[in-house]
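Can you read through this structure? Questions will come right after.
Think of it as A, B, C, D, E and F in the order they're written, each chain with its own count starting at 1.
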């Protein structure tokens, strides 16, 4: 029997304030207003590919919360699972971000503490939520934010799992939120429930103390836990404006790794959210054609690469655009300049 | 012997985020970036009149803190008394503000809790600070923010007073920060030190339980405490875009009230900070010509009225502009349209 | 048994291009990008009050169509009933609008012919649509656009009526779309199905050849047809930037008119969509408390008045803001300036 | 035999830099870029009514000069009579302007000295210029700028006059360019050549020492000189955002004054150039229907009033818009809100 | 005997709406407003080099038509040959364009059907038009738009030819307007009149079924028809932001091809119109020095390359800038960074 | 005994007007408003590193002068040494600048003649100025502007020197201000006072007629004059958007040159002021650790390279950012992408 939602995620919704163009945070007279959040970014990319998605989060019941809610809807994601914080200290977490240009790096200032999302509780959701979802996704950020979000996330993972929902988890390690040790201990406690595991090579080494070649490290996760798929992105940052992007997926079932030629010399406009866009492409691939791992790699790489070319945190490419990019990538440059 | 600073104030520095023009907080794609704060607003207006001013405050040692510091300097106020918060949770308090237009009221969303200013401590300032200032100003907002800012403010008032500094205090009652009772008890504890007291008629009634005519209420403050001057603004809000503004100052020394014909039909562009601009004009008047109360009323009214016509929290009119506005106001309209 | 949607409407979705501020269409270098449409405007206002609403319309399957769809979702209206035009000549209808300032009037240039909405057909919708809606709304514009939209609208009215759905209709006469005679003949053919009828006094006279006092004209509609409620707006345009707004509703059941003191001296920022906002307020009132006609008048007047103060076609005020405006309006000015 | 140009004028072309909206010159991060100049403003308004117009001026042969030239063309005025300054110190004169809002006045900072226009010489123009023009216009500003422009202007007036061209002159007194005495002496030297004379009541009194009622003063100019028509504007500045505008024209031929009810409560967006727009309307009236002085008053008043509602120095209303405004003005408010 | 115009072209004038920077069509809140059109682009580039140019086109008599007309004049092209559409359905054709960044391609959405240009008729032009022009240019787009524009174009080509005007034609094949077969048949019917023929290598192959090396294909056109010059651009698209550009011109008279080292690694800001800019450079070269084909190649390549670096459809480089670019290109990098 | 200021400079303050992004000077509707000036740029960079700096300059006492003063303060530089011009012809010098993109070069139009800075006189400064400064800096631009600035500069150099202040001088040769001969003669007259000399290799050759290898040329300056340090920048301009930057410093004391691997493929956003930023880094290095010439090279190169990545004339990188850039540069790419 089909479920109402293909993909639902638990995560914080952030307001991002960025100076226009290459202006700096400490100068200038305006901020562009973006909405993002690791899990929302994943959902948005998947929704553009046609999946039915919804975000589980908590927002203040004020004008800024409404702006964020409106943007969630604008991006094609359902707001059915948003709950609202009516307390006096309700707030939207935010971060300030400025672009880089070699030799200046991008800069981030976080101001997300005490946000309403930190109060999200299991009791705010009805049991029926867990029955209607094909895949549940969350990330290490949600685990790291605080005790309340961590407990909610872990409990939700368990309940979704009980209802036959696939569990997707992206480590997304952030050194400013927790230590590697705390991350490892916490994540290891949920890995028994995880089906699809996103973990970069460096995180595998530094946080999970894995050694050896990438394929070996990826396989070892599936040996230790009932993980089906491990995906690792491979980004090369030539400069803030020029990246390469590729990835490797290990599939436990056939004990194989899948990959393709990376996208090279991506013309980066805004790299924020490109890792999440990768997850969105992989999850779209796996949910729409579970046996075709190679196709999932290709959607992941295309979704991530193209996210870099668009301002804001959220993916904006629909399935047709991804298909075009993949076709061009395979055609290796022998393609038309634009369609007209 | 002359002191280095004419006017120094203790107060929080806030980032204000406003949508351009009449756009709403929950819509649109950008925010204008303003810096304000009740006490900084007062200092900026006074600096434009030629007083040497400085702000006592605490900012995070990050890009947003640097932006605020730069704007303090831009506005002509000294940043000598800024201290910096290098802790992980350092943040600039902020608020979101959208303009009104009848019948829509302006809207404010505050997000100032846990800001770095709340950690400001007496120990961060050297004793020499207290010796070099002609007048110290702070407001009820600083007392209301938290225990730490309240204690710092009260102790600074005492130390400045001991060094012969005039003490100026603006009640600036904000119902979202504290109750009327808490405000009254706290403020009454500092009134013995206050020389110049800004208190609106409604606050005198509602918070201080004064009764009777305005002059009687104002006099009673000077009878209960060694206050020299009580100033009360009188704003009539015809609509968010049309205000009248006038004020009354009671001078204890000659037991007289001073006032003038109000400014009528002010074309309001941004009313934020106009009350603080009033303080700036009055303080400029009193500090530059202490015996001339009528002149202080006129600078206060002109500074406040003209603030309404300029975007942002901070006054922008220098002494020459205020003098021109006062002259026109007295000329009652028989004036040239512009100078060219 | 409850229905899934409170209010569904059939109407064209337009892209509005306006120069910023007071710039003119024939000058300047950019356009602000708005989405509107008489029926969408109604739905958006109602959604902000808490009704579950959806728009029946047709959009091109291209980037501009996607922008419009995203904005529909942003505004809180369901996109479940949008169908997409994949033909080569698919287009979004658009109009250009510039603000006025006395003595310059606002100016409109329409470019909506041949838009995809003109191809909308009954066959694109499943019969289940008609069973799930409490109230269906459309306007004279939809009837006037062309033969195809007219037939679709009339047939939908009949099918909704058959399923017990309330029918709401706003004449919204536009001289550039049809003649008065054509309008009268067409509208008279649907009035037998209409429950709630929006028709201004001047349209009653000029188009429907009604005579006598407003109440008499309104009553006569309910005598000729089984109309339950007739609502007429009363706008006084002092200048492009200053309007008064009030209205009268005639209720057939108790043969009474309902009205209140008009809103005077509205500070108009963008008057487009304020008539539709009126419908949204009245419909919210009637659908949430059907017997309380006075309350419907008040929501209608408040929703329309406040729409004028916000850029764009779409209402932005939620129920809390409307309640505040109504309370202030009744308080007759003795109200606080803003909440902080 | 018909001439190629209806109206040609000699005057400086200025770049105007204004902060957006109500921002101040000493704040903010950008300037809007406008082009203006008293005589260009007149020509632009006349061109919009259908007259064939051209500007005699001198611009630097650099990118800023090209921008100004392009804008002259954009505004419908011929650039045939522009000459270019290729010297090292070539520059476009400029001025900075900020809007006012009561009680803040608009502010102007001029930076027009040493501009290329100051080098314009008779020798740069071929004799054929003087044969092809129905009416030549210039203003007191051109006479005041410097010796070179003054001599060029006076000599051009004489040459045009010799060729049967009507001479139009607007005093446009600017106290920052010359004294009243210098103005009077200079202008009196050209009045023997002037046919159409624009001079406000206050200038008549203060500069030309006229006394008595307006009609008497106007008539006396035509008695002293062979002036045919004297036009005087009557502006009432209620505030920077609210003006009234009317005018009086004295016609020597029938010894009569012509006027109409002023435009009241004009919603002023940008008042710069509204006096020049008045000249454009009057000159259009006189050149298109020389005997109909009343019509010239009406075009002058409408052109000036509506100019106030549009950003920038240049008129933007074509004949159809002026005709509509005049019709509404006569209809006294009983008019439709907008055309759609 | 010299003619009044050097270059006149027949073509549609389009409004281009583009989101700022790298924003997407389906996101963001504003559009930049550009004017373009293949033939106008050619004329603008030629005008900047000093040629006297004019556009033959039809615009609606509304504010958008006036904007386009004003921009035509701004760009230095004569509006003498514009005619106006006063019918109710008059419209300016438009297209939406967003920039690309690898791996995202630029995207175009056309909305140009039913535009006023489609109604342009020979009868709207006086016979004298054909006597006053040295060179007439049009493109395959004009032939493809519809029956009316095709007939007008073909008839104009013939009449100009009869009057000794050079005929220039750019194939500019657009697959969304017609098929290759229809294009070939139509264009072959006008080739007997064409002197200067712009046709890319791929179009020669795919549309005209030419085979063999480029020189051979180019020669064959001149063998089949009395064409004097065939020009083919050679663009290499490394990414949306990095192109190479060169070209080859075949001159029938001396049976030779002319070319130069391509411009490599052009920093592309906006590639729209760069092909047309190429025509403008070549036509300037051929019209100013008909025997010097090499110089025409150089102006064509420089004009096209530099167009890519400027936003909008229209060229902006005057002759001095092109000469500088050509000199630098020949100097092969050993040049100063900028002039100051 | 410590001095109050570490670094004080004499130089003009300019308003820079630039079209946004890649727009051209002759197009578009707005200018970004920047403040710069070779010497202010140096001071700003040094202030960001922690030096106490002040600018000696003269500004008009008008709104534009105040804007410039406010920006000086915003940038962390003291305005204590600004004097104001109250004459009628007071003006801020300005220049117009547009960005380049290959093959279009950046373009500059200067309009700085007759600015208030040209009137600056020694008599406006008190003798105490010369006692309080560790290092005084000025440039060839100040010498070149005019007789008055030249005399003031030379006399100040002498007086500072007499008071033991280090003298820093940047040749900054501008061909549009003076000839090479005039530059050489003038600069040679001050070289006897100079301690730190900034002179590029090409200037050494072309202006000072030096020959041989760079090291030899640099040494020869220190042989002819008591110069301690000679610094020469080495910029390679691949295109307007891609530069390399390195430098060489010759230290007379140990007769050695210091340099490091250049920064390659800098992603240039705005190259204006990057040469001055170099001086700021070198001077910070030399003033904070006089013996460590290598460190001065590194700060100079980092400060210059990173300036290119930020809009405006003024450096924006503080010491922490420079330290990070230097560390990454040494790490040769093996660094994290950003800190979060």
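Rule of thumb we're sticking to: a contact is a pair of C-beta atoms (placed from the backbone, for glycine too) under 8 Å apart; a residue touches a chain by one contact, two chains touch by 3 or more.
Note that the structure is predicted; figures quoted are calculated from it, not measured.
Trainee: Quick check on the contact graph: shortest path length from subunit B to subunit D, in steps?
Mentor: Minimal hop count between subunit B and subunit D: 1.
Trainee: Taking B-D as the reference interface, identify its repeat among B-C, A-D or A-B, namely the pair sharing over half of the contact pairs by residue number.
Mentor: Among B-C, A-D or A-B, the interface that shares over half of its contact pairs with B-D is B-C.
Trainee: Let me spell it out: compute each chain's centre from its C-alpha atoms, then which one is farthest from subunit D's centre?
Mentor: Chain centre farthest from subunit D's centre: A.
Trainee: Suppose you list every residue number at the subunit B-subunit C interface; are over half of them used by both chains (same) or under half (different)?
Mentor: Both copies, subunit B as well as subunit C, present different residues to each other, with under half of the numbers appearing on both sides.
Trainee: Taking contacts as defined above, which has more of them, A-E or C-F?
Mentor: A-E
Trainee: From the mean C-alpha coordinate of subunit C to that of subunit E, what's the distance rounded to whole Å?
Mentor: Whole-Å distance between the two chain centres: 45.
Trainee: Going by the touch rule set out above, which residues of subunit A reach two or more other chains?
Mentor: 21, 24, 26-29, 66, 70, 107, 176
Trainee: For a test of understanding, state which residues of subunit F touch subunit E in their complex under the given definition.
Mentor: Touching subunit E from subunit F are residues 21-24, 26-27, 100-108, 110, 174-176, 235, 237, 239-241, 271.
Trainee: Mind pulling up the subunit A residues that touch subunit E in the complex?
Mentor: 21, 263, 265-270, 302, 305-306, 308-312, 316-317, 321, 324-325, 328-329, 337-340
Trainee: Spell out the residues on subunit D that touch subunit E in their complex, using ranges where they run on.
Mentor: For this pair, the touching residues of subunit D are 66, 70-71, 73-76, 318.
Trainee: If you look only at subunit F, which of its residues touch subunit C in the complex?
Mentor: Touching subunit C: residues 28-29 of subunit F.
Trainee: Could you pull out which subunit E residues touch subunit C in their complex?
Mentor: 17, 20, 24-33, 62-64, 66-67, 70, 88-89, 91-92, 96, 98, 107, 109, 111, 113-114, 176
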